[in-house]
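The structures considered in this document are given below.
Here come two complexes built around subunit A, the first alongside subunit B, the second alongside subunit C.
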Partner chain A sequence: MPKEIKGHSLSRPISRRGFLKGTALGLASTAVPFAKADASFWDAYFQKHFREMNEDELREVIKRLEKEYAEEYDTKFNIKTTKAMPGTLFGYGLDLSRCIGCRRCVYACVRENNQSRDPQIHWITVLRFKKGEKWIDLEESEKYYYPEAVPEEGYFYMPVQCQQCENPPCVRVCPTQATWKEPDGIVVIDYNWCIGCRYCMASCPYGARRFNLAKPRIRKEELNPESHYLGNRPRYKGVVEKCIFCVQRTRAGRYPACVEICPVGARKFGNLLDPKSEIRYCIENKRVFRLKEDLNTYPKFYYFFAT
Partner chain B sequence: MYALVRNFFTALRHIARGGKWYYIWLAFLSFFIVVGAVAYIRQLHTGLILTAMRDQVSWGFYISNFTFLVGVAAAAVLLVVPAYVYHFKPIKEIVLFGELLAITAIIMCILFIMVDMGRPERVWHLLPIVGTMNFPSSLLAWDVVVLNGYLAINFLISFYVLYKMSHSKEYSIQLIKPLIMISIPWAISIHTVTAFLYNGLSARPFWNASILAPRFIASALCSGPALMILIFQIIRKVSKIEIDNRALFKIAELIAYAIGLNLFLFGAEFFKEFYSGSIHLAPMEYLYFGLKGKTTLVPWMWAALLFNITAFLIFLSPRARENFLTLNIGCVLVIIGVFIEKGMGLVIPGFVPGVLGEIYEYSPTWTEKSVTLGIWAAGAMIYTLLLKFAVPIYTGELRFISKPGTE
Partner chain C sequence: MRYFNINLKGDGGRGTIKDVDCEARKRNVWLEVLAEQARSLGVFAIVVAVLVSFGLPAWASEDGNGAAAAVRDDDIPKFFVPPPPFSEGIFPCSQCHADMVVNKKRRKLYYHTNIQKMFNHAEKQRWCLDCHNPDDRDKLRLASGRLITFEESYYLCGQCHGTIFRDWKAGVHGKRTGMWNGKKEYRLCVHCHNPHSPRFKPLKPLPPPIKPSDIKYRRLSPDEIPPNPLNKIFPLKTDSRSKDAKGN
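And now, the complex of A and B:
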């Protein structure tokens, strides 16, 4: 087991071009004196739960993680721990009448949030429905559609991602409290605390959670080093991840990557507690609904029709 | 201290010594344990991608086996009740072997959970105090508590009894009676909590049905005792232990009631789903008729139903269940029937169709099959060694020394 973890921090970057370089780096890092390597191994093993660390401990951990990532990905990472801003509760709107099913959001999210490219992980699933059939019958949805061009005649699209429930079943079931709801309403995961039991995945009514079945692989040049501890920092083999409303961006006053990329402006984002926000306007003036409202999960993700 | 060390070596010598078939049996099990261990090390190194589990079906064969084995462990209660509550002597003589089976089954359950975890080395995170156990919110935390509690209770009872016997003393029923009494509801609780683990998820309509926990208990009381009937026959064949036929027939009679109840509950579920025919019928349809041309589990489920009904008819007739040929056929049928129904037949349809309507057909890979086989072999090995230790104490061949006055 210890070997397993060590292997993690010593393993090579995966891009084919970087292979040789990585091998050299890997060999170099084995030259690190044993005592030193062991100390950081035990630090990693006994790392505390994110919410139980004090400021000093957190600083130490961030320092160690940045070093680990630098060794592993040969890239300098900046891991923020920005706290939730007071008076914010993030909410999301998605205009179904505008979405054209182009999946640009899916790939913008992958780039922004350092999802594994191999095996491929997507946080956003775009579903395609036939017009004129049963309205949003998920069992009739198609996830694997590959047309020449979108939008296609006779179809409409519905992207689904973590709905950031106010009453999240995943948080309730997690046996280790590795996932929780932040004060700004974002459900986050401590990737260093998750034991990979996948109970949260069984409990999620929206299929939002993803599991790292293997070691995540990202080419060095595609990494996004601007990261957040609870957000887009690279994940580990055997832990769960999901959409976190781009916490690294949104807590710094920016839009999530999917909102920014959407070519038709179907995606809205804002502070639900601000009566003048765009999201509040949409909720109050459009015909909104939330997915599977009968389950009382109270998503903060609103689907609506502008036209 | 001296006595303790010496007794330990006496026990070890007893376990290590056996006939030719004993060694062949152990070698046979060791082979599968090694195969399983190699497969698991590969899985640990590469990740759970070596299994057929994916985001759509995030639990598979490991959790299926876990669920089945919780049932086996809980079934010890079917011996404890007639033995200690009704003082039925033939069963009282063998209740210890039921408790040892429960210990083995719980250890296997823990192994199946461990091999299913993405980060097994972080298991301490779910302990109280050192970790951050999410108790009482998470049913998985409850499961950790009740399974380990059940393990501890059975361990205490059986090792207390063995300890006393091995020192040629009468054990005090007064002393262990409270433990025995608590073990009865506790056995029910391990199964109820495991059922609730699935039952509480509103995202999965197939599991989110109130009939789940009662069906869990009913099916556990079919397969576990059937396994015991088979094991007891082997025990009395290879050792000097006498097991009264009446004990086996009494267990068989109880199994008849349990299968009847299980089939009734199944019928109730089948009726409700198919008659009302809501969209939540889909998982049931997938199991018994296939969904959109996906039919992997269909033959298995019908086979399980056929096996359970046949076994029911066998156990129902006193003549058939008191004939060892038909009795054993019935036992094998009901064990396989429940293994399919409560293993894959319970876990997979929770995920098919998925919450967003996707149908991913799961079928375990060689890695999963090898690891599973390895754990079953490890279980058989543990039980064999426990019996090798317990049986001679029972028959009086193995006695420990104790310094007078230290008791």
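And now, the complex of A and C:
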């Protein structure tokens, strides 16, 4: 046994030649960006964590990002960093007895939140289930249905997106703390801190997170320049994204885009701490369930039956 | 309540029940206190007087009719944006009906044929003049005889669909837009349900996501990037966007 330990690479003495070679290569690798990159490269490289930045540092970062986006997309972006309103905890209600599976929410979300069109990324998935069967088995659901008209006889539909858990498993596994839960309950991602390890995607029981396998591409005229740092600003290649309750809209008091587009009014949104809000009415008066409740993730996304 | 696990007020969410009908409770408590005092003084007349002065005028100000009294105006939200979706040129009805003789007999009409054709809203039990007021056609008529305008048609629907009406007032039935913490925009029942044929009409769904087997392993050229299929139904607001872009 001792022989084997001795043979381990860590205990092997390093040669003078190897040491010098390694040092030179290491130094060379750090020196490479010096030659080509401007100051903004190093600003981005040393950017602090979103929650550790003070107002001035944030302003600098936003200025740099807006400049970068203006050069890259030829569009003037307005990136907000609005903080959570005190006394809010956002909750979402979805009326399964009304949803007709028309997918308007999917594409309203795509429009509002600058999702990549090539490769295609959707934050909302609408699942179709046969009525009268064991439907909670999500594996048996159909998401590529495309009939002439919806709703179809004998089916019902269940849109799934980020459930904004109170106990989010994705936050716990993130090695860089690039994703966290904000005080108003929205689980957000800092796309500049995400390293693309996709642990969060593996840990999410709802399959709500999406990965940018390539640089996201959007037609210029379809870009939404009204954005939020933690929300719908254009993403980078190799970062994870997901539904963030339209943080750029909801923190300004507006409804999320999917709520406003829904033709049947199946989607409800509000403040869980406000006893007069719509979402509280749903929870108190309707038959409510949450997806995969048994996992103790405490989603703030409530499915209900209004009839 | 059982499902509401998040601790909102440090009491396991139980405190939330108290908030419902808080106003009504306060009023009741106040009345009770008053009654107690009065009883202790032995002046029961005060209680009677209070009850009369509070209860009767409110009750009497309604039509004095069962159905109308059930409709409380105070909890109807006050902000509707869009006016009722009339067919082109059909309103006011009095532009034709003012000079016509009213025939209250149920019969086949030779005008309004579209409506007659599509009419499938309890058609066996009802016909036009069960909802439309025969004497002033620009008004609708409740079962109680109370006349309402077309902007208040929710009262008419609420006569039969009471539970839906209750949900709608709370903002749960039907669509709301605007601000979640401020001014909201409602829709009337008739914005989504044709009153003469109320079932929600089927829609064409937007395309499904790309199947993994259909993904092309090459970068599309800028012209090939697929546009958002939503643009066909709700066109992009190009003017505001281009203005933003020009401010560059």
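Criterion: the second predicted complex is superposed on the first by the 269 of 307 C-alpha atoms of A that agree within 3 Å, B and C clash if a C-alpha of one lies under 4 Å from a C-alpha of the other, contacts with A are read in each partner's own complex, and residues count from 1 in each chain.
As a working rule, a contact is a pair of C-beta atoms (placed from the backbone, for glycine too) under 8 Å apart; a residue touches a chain by one contact, two chains touch by 3 or more.
The structure presented is a predicted model; accordingly, all values stated were derived computationally and were not measured.
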{"item": "Simultaneous placement of subunit C and subunit B on subunit A, clash or fit", "value": "fit"}
{"item": "Touched partner set for A:67, first subunit B, second subunit C, both or neither", "value": "neither"}
{"item": "Partner chain in contact with A:214 - subunit B first, subunit C second, else both or neither", "value": "both"}
{"item": "Subunit A residues touched - subunit C or subunit B, whichever exceeds", "value": "C"}
{"item": "Touched partner set for A:83, first subunit B, second subunit C, both or neither", "value": "neither"}
{"item": "First (subunit B), second (subunit C), both or neither touched by A:238", "value": "first"}
{"item": "Which of subunit B and subunit C A:130 touches, first, second, both or neither", "value": "neither"}
{"item": "Partner chain(s) touched by A:59 [first = subunit B, second = subunit C, both, neither]", "value": "neither"}
{"item": "Partner chain(s) touched by A:194 [first = subunit B, second = subunit C, both, neither]", "value": "first"}
{"item": "First (subunit B), second (subunit C), both or neither touched by A:119", "value": "both"}
{"item": "Minimum C-alpha spacing, chains overlaid - subunit B and subunit C, in Å", "value": "8"}
{"item": "Common interface positions of subunit A, toward subunit B and toward subunit C", "value": "119, 125, 143, 214"}
{"item": "Contact set on subunit B toward subunit A in their complex", "value": "44-49, 53-56, 58-59, 113, 116-123, 125-126, 131-134, 137-141, 144, 197-198, 200-204, 279, 282, 350-351, 353-358"}
{"item": "Subunit C to subunit A touching residues, read off their complex", "value": "1, 3-6, 8, 16-17, 19-20, 22, 167, 170-182, 187, 192, 200, 202-211, 215, 219-220, 222, 224-231, 233-234, 236, 238, 241-242, 244-245, 247-248"}
{"item": "Residue numbers on subunit A that touch subunit C, as the complex places them", "value": "70, 74-76, 78, 88-89, 93, 95, 100-104, 106-108, 110-111, 117-120, 122, 125, 143-151, 166, 214, 217-219, 221-223, 225-226, 250, 253-255, 259-265, 268-278, 280-286, 288-290, 298, 300, 302, 306"}
{"item": "Complex interface listing, subunit A residues touching subunit B", "value": "1, 4-5, 7, 45, 49, 52, 119, 125, 127, 137-141, 143, 160, 169, 172-178, 193-199, 201-207, 209-215, 236-240, 295"}
